[in-house]
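Once you scroll down, you'll see the structures, which are given as structure tokens.
Consider the two complexes below, in which subunit A is the common component and subunit B and subunit C are the respective partners.
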Partner chain A sequence: MSLDAPAKPIPQAREITTKPRVSDQIFRSIVTAFSFSALIILALIALFLFIQGFSTLKEQGLGFITNFEWSVTTDEAGKEIADFGLQAMLIGTMVTSFIALFIAVPLAVLTALFLTFYAPERVKKVLVTVVDLMAAFPSILYGLWGLFILMPMAVYWAELLHKWLGWIPLFDVPQPIFTRSPFIAGLVLAVMIIPIITSVSREVFAQTPLDRVQAAYALGATKWGVIKAVVLPFGANGVVGGSMLGLGRAFGETVAVYFVLNIVFRTNFEILFTQGGNVASMIVLKFGEAGETEIGALMASGLVLFLLTLIVNFIANAVVNRTVKSGR
Partner chain B sequence: MSTTQVTPTRPWAASPKDRALTASSVLLSAAITVGIVLGTPMKGKLAYFFVFLITWLIVDSLYVVRKFGAKGVRDALAAKITLYGAVVVSMAVFSILWATVSEGVAGLNLAFVTENMRNASFFDPIGKGGVLHAIIGTLELILIAIIIAVPMGILTALYLTEIKGKAAGLIQFLVQAMSGVPSVVAGLFIYAAIILNTPLRASAFLGGLALSILMIPTVTRTSQEVLNLVPRDLREAGLAMGATQWKTVALVVIPAARSGLITATILGVARIAGETAPLLFTVGVFDGYNFNPFVGGTGTLPTVIWAGLGAGTPEAAQRAWSAILILLIIVLIMFVLARTVGSRQFKKK
Partner chain C sequence: MELKTQTEKNGTQMSEKNSTTPSSLSDVAAKRAETKVAGSAPLGTGLEARGVHAWFDKHHALADVSLDFSAGTVTALIGPSGCGKSTFIRTLNRMHEFIPNTSMAGQVLLDGKDIYEPGIDVTKIRLQIGMVFQKPNPFPSMTIGENVLSGLKLAQLKVSNQEELLEECLVRAGLWNEVKDRLGAHAGGLSGGQQQRLCIARALAVKPKVLLMDEPCSALDPGSTLRIEETISQLSKSMTIVIVTHNMQQAARVSDYTAFFLSDGGPGQMIEVGPTNEIFSRPRDERTENYVTGRFG
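So, the complex of A and B:
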């Protein structure tokens, strides 16, 4: 080979860039666009409920939250007089939800502790499945069960409570009618929110740093000693967050409450009496026979419910996220 | 010199004496329980059960205090009370399952799953008419919700795991918030946005839209967990071979997570299959077959159950129980499927 053969052209150095190729740009923009669906849907929900409920909100003003009348009447001139107030329903929602929390939190925390620290492996597997299954039951099934199976028993429990603790105003009743009371609705809701509180608590308890647990054992603590001194202080925030998630669930529950609660527009703190309120169930109850004005009021109620659950969920998630992250 | 044969012992196992003590404590508490229940106005099986739980707690503590002192008692109490919590929770679940099966079976017959309610009403005796139209309607709604929610859910999850853009934290937070949207609000929203504003009226499509709002967060969160489990090496290997990110995701990451993504879909379906409240606003009613998802009402299992309970006769209630048994069977099938498909992926790892 001769030396003076024409030299091959030196290949140009490939241009190095961090700019994504066209296919990637398309991919990224499509995925990014879809990821905003959550934001868009939430915004649209608030927007449309606000538009449809606007006239009611404007007409009733703050009274929409603080009044407890709910009526549409026509006066002699044929003009509609609408009076919408959510106070009884809002307070009723709080009452049933807090009864539910009061019952569900201890049970859920005990179950979570049992699952994390006491249950043998085989029992644990079965029980975790049972709790997950509970979360998958349709809410109408809880309603049916609450109405036909739980109610007869719960009425008897309510009678006992009234008999022995009736001197506390909370357990007093104007008339001895114990069916379809906030107490029973609270019981059904409690069963419904147990799975979510249990699974969040379990997740947090399982993240307790092992070194601290073993240090406690090494100092001679019993199992309960470890739980009290290490696990519960570590997991307290997670339990609070989980309970708030449960609270959000209870606020928005519709169908199950509908069957086991007698919805009356009167603020009632006598939890054993057959009279209570619930925003979500009221919407379903009134929707069937609602005229145009009332539909607007129902939309406004939906907006209030939506914002209420959104706030509770925001706080709950913030609390849970912080705890779970700090554990890692 | 002879070697001594050492037989393994289990010093922690319960000795006959321990067993006798446990048995005697159980018997003693049972006896006390019967005494208490008969001596007070309490009645019923549950009363026996709960009084037994409490007396056993006390009696057993008395046994423990002799051997381990006060600290031992507190430990034993904690172990028992947590067990009780789990027992009470399980009792509620089994009560629900038992009620559904025992009440629902009476109304099941061939006609119930092969006919519709066109020529029958809730007040007819059991055996006339069935809920096949509602089963088909529910499956139709589920299919529509899957078509809308699964792509959206998985793409959102891809954004959170693969692109990890600037808004990832915000999106994560919003998805969590979205999973707390009450189901009744989803129904009201579709009603407010579409039925009041467009010529579209209650139909299976609108029901599916409402359900997909509830399904997206479940799909997103589960898919995200699964995608996070795909090893980084796989992604890096794909990129190192010169593939674009798009090709890596489509040909490496998603196939690796396939069974997990199916689980995410099934869990989403289980979440929405029994939703009732949104359907009351969006699907309307119809007691025959309606295969057009865009026009006219559709019967679904939840709305049929709802109507059956509202009708108030024993036959209607029986139909409601049987329909919920079918609904529960559908949910259970989804549940078992999700577990088996999901566990396959985790075993591979």
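So, the complex of A and C:
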């Protein structure tokens, strides 16, 4: 291009539009409607809980989360005095859920590794079906199994833990009563969340890029070496994601925990002792004989549980997003 | 343009060959043969394939290939797609068996010992026969330095001076000057060609006797390809190299011997093998001649 050529005017950027077909528009609106309906239902539930629990929240203020009294009494004038505090239940929920995660994650990851890299095809098919069935198993049955079959054994394990590790405050007990403890509730929850963590982990492990796996093998790696160097770094965020799904389930689990946990309104970090808390089970426990005021408090508890789950999932997402960058 | 300036700067044997702008493949191969005494190492001390067959399920992909890769030589495997050359190279370090339901027959001898013998430690075999793949595949979760030394870790080898080895491998792979100031950076930030040279450095760190390269330049731009070819020329002084390539110019530029593979609808076969300049100047088989002169493929 010569220098003295007249400068060409630079045109305006064109607006590019596409007009979708009618059929496409219809399908689009159906899909949009359904996907938003899930969000709307969720929002409505939260709204319902908020409206029902509003009076309690207003009355108790921040104390609803930080106190651990739960009582409705009537004074001489016949006026109701209500004291609602969720601290023990919230902490109890987290304690049992983290015990469950602590036990379930290693088991689930090892199971997933076995299924993906070691199991013969037939064994794999059977095991995958069994593990998936475990997820569909009604939770009341886990509760009954936990109460009648697991607990007698778990009490023995708890005694052993206390005997050898009792010097750690976590494994100390004020009195030697080991039944219906957060430890046992955590065990039952662990069994319940293993399937979801296993299947999510299995999915991500199976997606490990083959070229990286082969690169490791070509360098003289053993199978374990390949898993450590390639599969686990790649699948880490999937494992975290699966664990968070499991944690969500453990947070909300009601019936099974109700069977195997002695719900007491006292914050307890001695996980082997027969005293614990769980928001969802507490709601079931109290609901039958609750008066109007208390029902409002239970609704508010539901809202708090809902928010707690939301926060945990939010944190989980942040963790996953960070591991994505370094892992892949 | 970029190619030329690079070769001029480097001034290695590559530049001699390229500066004359060779007119045909046979000329390129002849130049190569002049600069290197082909097959100077005694035969039979390297890698040897005897009557190798390979199957995918029931599909017979490769039939009766016998090839001798003597120590210190570069052998190129050429042929059209689907002729079994990649399958063949993967039988040489037992990577073939990673694909489910595959099988093989025949023998692959490394220093006279069959690598498919029952009871042999296959991880030790792969330490001696390294591999570079078609697509650069560094470990993205590791840094550049960790990538180079990852083979040692994976095979649980102890090395007294890791830093020395790290530098040596990167120098041999022709990458040292580009990465020496950022060994702690993640490998994903390198360009494709740099990643491939990193993979070569990684393969070198475990000190293999043989290096298998399965179309190492097919995903790279010409400049990077040239760098890799220079690296191959440097490496061939000290090890045995087998390279699969679609690029006949490349085969002519880097190899001492060339084997031509072809499938006539049935299993892939090796049609002809010989010194590279002979394969490109006076092939014995008509099919080889048709292929190297570009009449098909």
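Following the convention adopted for this analysis, the second predicted complex is superposed on the first by the 276 of 328 C-alpha atoms of A that agree within 3 Å, B and C clash if a C-alpha of one lies under 4 Å from a C-alpha of the other, contacts with A are read in each partner's own complex, and residues count from 1 in each chain.
Here is the rule we use: contacts are C-beta pairs under 8 Å (C-beta built on N, C-alpha and C of every residue); 3 or more make two chains touch, one makes a residue touch a chain.
Bear in mind the structure is a predicted one, so any value in this text is a computation, not a measurement.
In the superposition on chain A, A:G225 contacts both subunit B and subunit C. Looking at the shared chain after the overlay, A:A215 reaches subunit C, while subunit B stays out of its contact range. Annotation for subunit A, partner touching more residues between subunit B and subunit C: B. When both complexes are overlaid on chain A, the residue A:P106 reaches subunit B alone and has no touch with subunit C. After overlaying the two complexes on the shared chain, residue contacts for A:G246 are found with neither subunit B nor subunit C. In the superposition on chain A, A:P233 makes contact with subunit C only, not with subunit B. On subunit A, the patch touched by subunit B and the patch touched by subunit C overlap at residues 222, 225.
Interface residues of subunit A facing subunit B in the complex, by the touch rule stated above, are 20-21, 23-24, 26-28, 30-32, 34-39, 41-42, 44-45, 48-49, 51-52, 106-111, 113-115, 117-119, 127, 129-134, 136-145, 147-149, 153, 156, 160, 191, 194, 198, 222-225, 227, 245, 248-249, 251-255, 259, 280, 283-284, 287, 295, 298-299, 302, 305-306, 309-310, 312-314, 316-317.
Interface residues of subunit B facing subunit A in the complex, by the touch rule stated above, are 42, 44, 46, 71-72, 74-75, 77-79, 81-86, 88-90, 92-93, 95-96, 99-100, 103, 151-152, 155-156, 158-160, 162-163, 165, 167, 170-171, 173-186, 188-189, 192-193, 196, 213, 216-217, 220, 244-247, 249, 270-271, 273-277, 280-281, 302, 305-306, 309, 317, 320-321, 324, 327-328, 331-332, 334-335, 339.
Only residues 209, 211-222, 225-226, 229-230, 233-234, 326-328 of subunit A touch subunit C when the two sit together in their complex.
The touching residues of subunit C, counted against subunit A in their complex, run 93, 95, 98, 123-127, 130-131, 133, 135, 137-142, 150-151, 153-156, 186, 199, 202-203, 206.
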